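Every chain is named by a letter (A, B, C and D) in the order it is written, and numbering of its residues begins at 1.
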Amino acid sequence: MIKVQTEDFNQQVQYDRLRQASHTGAVVTFTGLVRDINQGEKISALTLEHYPAMTEKALADIVEQAKLRWSIINATVIHRVGELQLLDQIVFVGVASLHRGDAFAACEFIMDYLKTQAPFWKKETNSVGESYWVDARESDQTALSKWDIV
Amino acid sequence: MIKVQTEDFNQQVQYDRLRQASHTGAVVTFTGLVRDINQGEKISALTLEHYPAMTEKALADIVEQAKLRWSIINATVIHRVGELQLLDQIVFVGVASLHRGDAFAACEFIMDYLKTQAPFWKKETNSVGESYWVDARESDQTALSKWDIV
Amino acid sequence: MIKVLFFAQLRDQLGVSELSVSSDENPNVQVLLNNLKNKDEQWEKLLSRATLMVAVNQTISNKTATLSSGDEVAFFPPVTGG
Amino acid sequence: MIKVLFFAQLRDQLGVSELSVSSDENPNVQVLLNNLKNKDEQWEKLLSRATLMVAVNQTISNKTATLSSGDEVAFFPPVTGG
């Protein structure tokens, strides 16, 4: 399941959907949250812009890439857009597999790929009310190298 | 939090506890389930034996090892023992970190280590009522090599 | 015609979110980029960045991609979701 | 005295879950193992497996570990939890 939405999501609902298929032995979930601090700056809010016609397609493509590499029984990606508050959930990636190795690798791969390929952009507001676009982190590019992409 | 228990556990409760600390940007969870099939054999039930005086200590040691290697804000390990049914939850590992790389690595490390170092043993009952101890999987030993242990 | 979109800080800096260009004059992404850069110095600078990303018909692409009428081309800075 | 424990299929096969041995006669794990193996052929065979694991005072250990009175030594097959 792939979703881009403004609403929050529920961990238990997503987890329950992932674990239910026959043969499932391992479920790995990742959740990204709005940190209260980023690169040393205190944050008060976050806005997520996206490219609506492309985002769900980009996420679906990433999940397809993961399915070519690992044995996946079930996968979910949910990404929120719009205005978010501190500690809000931003993104959920969950993968169900027969064995844990596939679930861990596929979940991390999807996140690494999403971070550099899916058209979302963060704008932060700091504690004195200034807004600015978040810079891409070089570490997100280097994270891709473990999957032999870039 | 480290727990060895016969009771089931709730994903949402564990996740909510992990996500609440300041600075948390990433939560990774792993859940291991009783598969309905193992090494080609249809399973009807599973019993988990353990070494009660040692299990919580062994799990706490593994979490400490992970904390030496990665930046971890919060970590939880819950392992069930006793009689389990098909699709039941067996083990939960959750890690909260500032960044996703640490959370993924620490969570997988804890599971890989647990699989080879924590004193739990599985006894399966197959669909015709035969019980037998589960053999250790060689792939669990080789999984350790990515952490430069063994 | 080809629909051209700009996102995030690139859109803010250019002051434009969307425009249409002739497909005859823009046979591929590189030519389209060159034509856009000719608008003025600000466009030249912003569209020359090595980190500029491009998507053609909602798929990440590159400058060699050919274009035809009805295509949608998006330019944007490095993504920062997740 | 030293408390010796056996778990899982090793316990089932030996038919014993726990026993006590003298600390004087078992100064380290290797000597303890040798003494246990002397019981009979079945013990010799089961305790000679390369995959046998040992914990001393609830910590994974090895055959060179020294022992003293009050210690708890556990022998078990490869673990299969998780």
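We take it that a residue touches a chain if its C-beta (ideal position, glycine included) is under 8 Å from a C-beta of that chain, and two chains touch if they have at least 3 such contacts.
None of the values given here were measured: they were computed from a predicted structure.
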| item | value |
| --- | --- |
| Starting at chain A, fewest touch steps before arriving at chain C | 1 |
| Co-neighbours of chain D and chain B - touch as defined | none |
| Interchain centroid distance [CA atoms averaged], chain A/chain B, Å | 23 |
| Intercentroid distance (Cα basis), chain D paired with chain C, Å | 70 |
| Averaged-CA centre spacing for the pair chain D and chain A, given as whole angstrom | 48 |
| Of all residues in chain C, the ones touching two or more other chains | 82 |
| Contacts with 2+ other chains: residues of chain A | 32, 100, 111 |
| Listing of all chain pairs that touch each other, if any do | A-B, A-C, B-D |
| Contacting residues of chain A [partner chain C, same complex] | 32, 48-51, 53-54, 57-58, 61, 79, 90-91, 111, 114-123, 133-137 |
| In the complex with chain B, residue positions of chain A that touch it | 10-12, 15-16, 19-20, 22-37, 87, 98-101, 103-104, 107-108, 111, 139, 143 |
| In the complex, chain D residues that touch chain B | 5, 7-9, 12, 51, 55, 58-60, 72, 74, 76-82 |
